[in-house]
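What follows is chain A paired twice: with chain B in the first complex and chain C in the second.
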Partner chain A sequence: MAIHFQHVSYQYPSGSYQFYQAINDISLSIPSQGEMIAIVGQTGSGKSTLAQHMNALLFPSSGCVDIFGSTIRQKRDKKISYNHLRKHVGLVFQFPEYQLFEETVQKDIMFGPMNFKISAADAAVLAQKAIVQVGLDETYLKRNPFNLSGGEKKRVSIAGILALDPDILVLDEPTSGLDPKGKSQMMELFTAIQKQTDKTIIIITHDMDLVYRYMDRVIVMHEGRLIRDESPDRLFHRKNLAELHLDYPETISVLAAIKAQFSLDIDIYQKDMDAALVELRRAVGK
Partner chain B sequence: MSYIEVKDLSFSYTGKRMILKDISLSIEKGEWVAILGHNGSGKSTLAKAMVGLLEPNQGTIAYDGVVLTNDTAYDIRKKVGIVFQNPDNQFVGVTVRDDIAFGMENLMVPQKQMLEMIDFYSEKVGMKDFLDKEPSTLSGGQKQRVAIAGILAMQTQVIIFDEATSMLDPYARRDLIEYIQKLNQEGITVIMITHDINEAMYANRLVILKDGTIFSDGDKWSLFKQPEIFENSHLELPFSLKLAAALDDSLPEEKAVKDFLWQSISNT
Partner chain C sequence: MKNIVIGQYIPGKGLFYRMDPRTKIISVITLMIAIFLLGSIPQLLVAFSVCAVMMWVGNIPVKRVIRGMKPLIILLLFTFFFQIFFNKEGKLLLDEVMHVTVVSVLGIVLWTILWRLLARIGKFKTVLLLAYIMGIFVLFRFLPFGYSFTTFRFAIYEKGIEMSIFVIIRLVIIISLSTVLTLTTKPTDLTQGLESLMRPLKIIGIRSEDFALIISISLRYIPTILDEAFKIMAAQASRGADFAEGKLKDKVKQVISLLVPMFIIAFKRSEDLADAIESRNFVPGKPRTRIHELRFGWTDIGVGIFTLAALALTIVLKVIG
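And now, the complex of A and B:
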């Protein structure tokens, strides 16, 4: 396993950001290959805290995390550099403002690769490739990241991680602030990267439609605990999601309402519009 | 003349690529208008221009007959406030109390009255117990409520929400929107900048921007009946309306489901 959590707990020092939730006794394995994993749960359930343990941005208060062979324990060891772990596991924050700091988009994207001793010339090539991947054109490279719109900043921050080409990508709400078209483009991009490279991609999200449609595995956090780790299909077959402050995908909730209204014999577990329409027509046609 | 009049507004950062092109828009007092558009359609730029944070290259914005200029901006900001997408970008105070006070301090409201107003409006948005807290310790939804309290305390009549719910989780988002509904019922004019159609469902009127121009402007129900408008402007209808649009009116069974979908959405 690429990342392995063993009984990991973390408490924030008292007096700091209270709305970030501590995590409690998390055990979890994440392979370096082959999975699209969603982490879901209401605000303050510990999702971001969990993610920040995946590349040693946070150190557990108890328990340990193995990341590509390095064991991360309670105390940060000043003699050890954890930098190489960030080449294995790349993390994109929810707010791109916390990540963008250079005067041009190009410099911003080149920063990560150059930090890992890639030459400026090669990093520039990577930046060029990454900016196109995230759906922007090369003219953006010369622009100041702070003059971009919210959606464009988001794309640039994702390009920065793609250029770094880590083994595992962890993205905190990569589609928030993107319009519907941008959202599906971004998810198609992650799916394509996953298919081409077989990397594991981990996404923190509140969007259950996206979870149902694109992800293989879903981890549910609730009050700092990991309470589910299963397939989206299995999760959305459960009846009590509202107790966890989770929504059902729109396809499921709308088809469920139709089923109840017309007493139809219909399979409500459809992932997209086309499949829902076919199933609905089959059910009403009978 | 309407309470808000935007006339022939154009804007460009560089002088080359136009972000807004000849936008004209009239909004009445008490309306709830959603300004919808894809990323880069110019909707946030329009919001910033409407509160005087950006100066248009051409055109005018007027509130209650007064055109927004450097000289009138001070008075107009008492009429219109803006809540931003990332709540962290709008806090200036050390405590929630300082933050709500900030706008009033600029208006030189006497201290006694100011303290009363802080009490009143923090209570109104449900944040009175948090007055001594640092804004950074609040959740996203709480931060947005504090921002609203600060705006209301200035007796503002119009609030522009610039994707103000997009960083909140679905529950906090519904909560905030329900709160905005209450404000609108009390007479506050609400202008909501968004690309989320589920959010636009709460408005009465939709203004759809595409590539810096107004692509469509009208009553939401009449626009919802024309799915191609949303498709052509890179927006997405809620799943239930997309499904309704795909159903065949000529088949009685499908028509029944379609009517049911329309009815359920108009009840929400």
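And now, the complex of A and C:
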């Protein structure tokens, strides 16, 4: 297992006396290959805190995290360098504004690789590869990152991490702020990367359609606790997801409504609209 | 990082919390003037005990006041030693010849290394600093061995001791007075009080509301910007620029990677904020109502009378003394 959480809790220091318990007693294993994992849960349920433990940006208040053989405990050990772990586990933050700073997109993408002692020439090649990977063309390399649209900035920030060629890619709400087409493009991109390289990709999201359609495994957080770790199929077969502030995917809710309205005999668990249409046609006998 | 405490304000109840910030500001300034008018150690000791009684009445945590003095300990020590060394009035109390020799200089180097090592532990820093300073004198006095570079006289006079104690007590009183003010007044109340007090300056063209607005917005945004700085640091750390690691050469680049996004975000935020307050019909300089109106109460009158009495008393003492 590449990342292994053992009874990890984390408290954010706040005020002088109280602590805010962000995640509570999390045990979890993530392989380095072959999984598309979604982390879902309502706002403030500890998803981002969990993600920041995966590349040693946060140190657990109790418990420990194993990341590619390094054990992360309560206190930062000043003698140990944790920086190399960030090359194994690439974490893309939700807001690209927090990381873009260079004059050109190319320099900004090269910043990551060059921090890991990769020569400028090699880094430039990596930047070129990464920008194409995220679906922008090479003319973007010479542009100023601050003059891009929100969606383009997001792609550039993802390219900045992809250029590191991490073993595990963690993305905090990569599709927020993108239009519907951009969303599905982005998800197609991640599935393509996953198919080509067999890396594990972890995505924090609120979009259940994407979870149902693209993901193999879903981790549900609720008030700092990990309450479900199973396949999306099993999760969406459950009743009362609303109690966890979760939705059903559009396909399931639409088909369920049609089924109830017209009392048709249909399988409501379809991953996308095309499959749902096929199933509907079958049910009405066309 | 959501609830960073700005300033020293601690929520609580008591005499000073009920007071109007304007009364508090004026009283503290007046009492400071009164303290400076006092001319002898017994008078200052009386003032000090009055101060202590005041804190007891107002339920002020003494520990916090002492903690508030910590950053000023260097200043206190400096004034103390300055007075002792350079005040050469009154009776001669101590006169020693100090030797700057090979051995004593070597001793001081070793002593400094020992002091820095002990300071690493992180506890009793002030006590250590004092011990270090004392140690230097002992070494100069009692190690007259080896080649002597030079010698100098170290003399302490009566007036020197007296003045140093006098100055220290005066500083302690003044610091505790201002700590009481900052402990019991929210930064926003403080700015509102200052705004109200500075309003007459309008005649010479200074608009106090603008300053108050600037101060309260900056105070409000310190935690927000700090929060943002931590997020940027985390984002850059996940691209291999960890601020806790790396050589000096890498640090420069790291700092740029922090500052550029910080500036951009801060400018964006200030534009958004300007739009937000303007869309709620805020026009700088136009009169507006407030949620919390400042109001004088009975405590304010009481404290005001006490302050004036204290000032009058010190003036009388000054004139007859």
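Here, the second predicted complex is superposed on the first by the 279 of 286 C-alpha atoms of A that agree within 3 Å, B and C clash if a C-alpha of one lies under 4 Å from a C-alpha of the other, contacts with A are read in each partner's own complex, and residues count from 1 in each chain.
Definition applied: contacts are C-beta pairs under 8 Å (C-beta built on N, C-alpha and C of every residue); 3 or more make two chains touch, one makes a residue touch a chain.
The structure displayed is predicted, hence computed values, not measured ones.
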item	value
Combined model on chain A where chain B meets chain C, clash or fit	clash
Touching partner for A:Arg76 - first (chain B), second (chain C), both, neither	second
Which superposed partner A:Tyr12 touches (first chain B, second chain C, both, neither)	second
Which of chain B and chain C A:Glu97 touches, first, second, both or neither	both
Touching partner for A:Phe116 - first (chain B), second (chain C), both, neither	second
Touched partner set for A:His245, first chain B, second chain C, both or neither	first
Touching partner for A:Pro31 - first (chain B), second (chain C), both, neither	neither
Contacts on chain A seen with chain B and repeated with chain C across the two complexes	95, 97
Footprint of chain C on chain A - complex, ascending	12-16, 20, 52, 55, 57, 76, 78, 81-83, 86-87, 90-93, 95, 97-102, 111-112, 115-116, 146, 160-161, 164
Residue ranges of chain C in contact with chain A within the complex	1-3, 5, 228, 231-232, 234-242, 244-246, 250, 256-257, 260-261, 264-265, 268
Complex interface listing, chain A residues touching chain B	17-19, 42-44, 94-95, 97, 147, 149-152, 176-182, 206, 209, 245, 247, 250-251, 254, 257-258, 261-262, 273, 276-277, 280-281, 284-285
Touching residues (chain side chain B, partner chain A) in the complex	13, 37-40, 44, 85-86, 88-89, 136-141, 163, 166-172, 195, 197, 234-236, 238-240, 242-243, 246-247, 253-254, 256-257, 260-261, 264
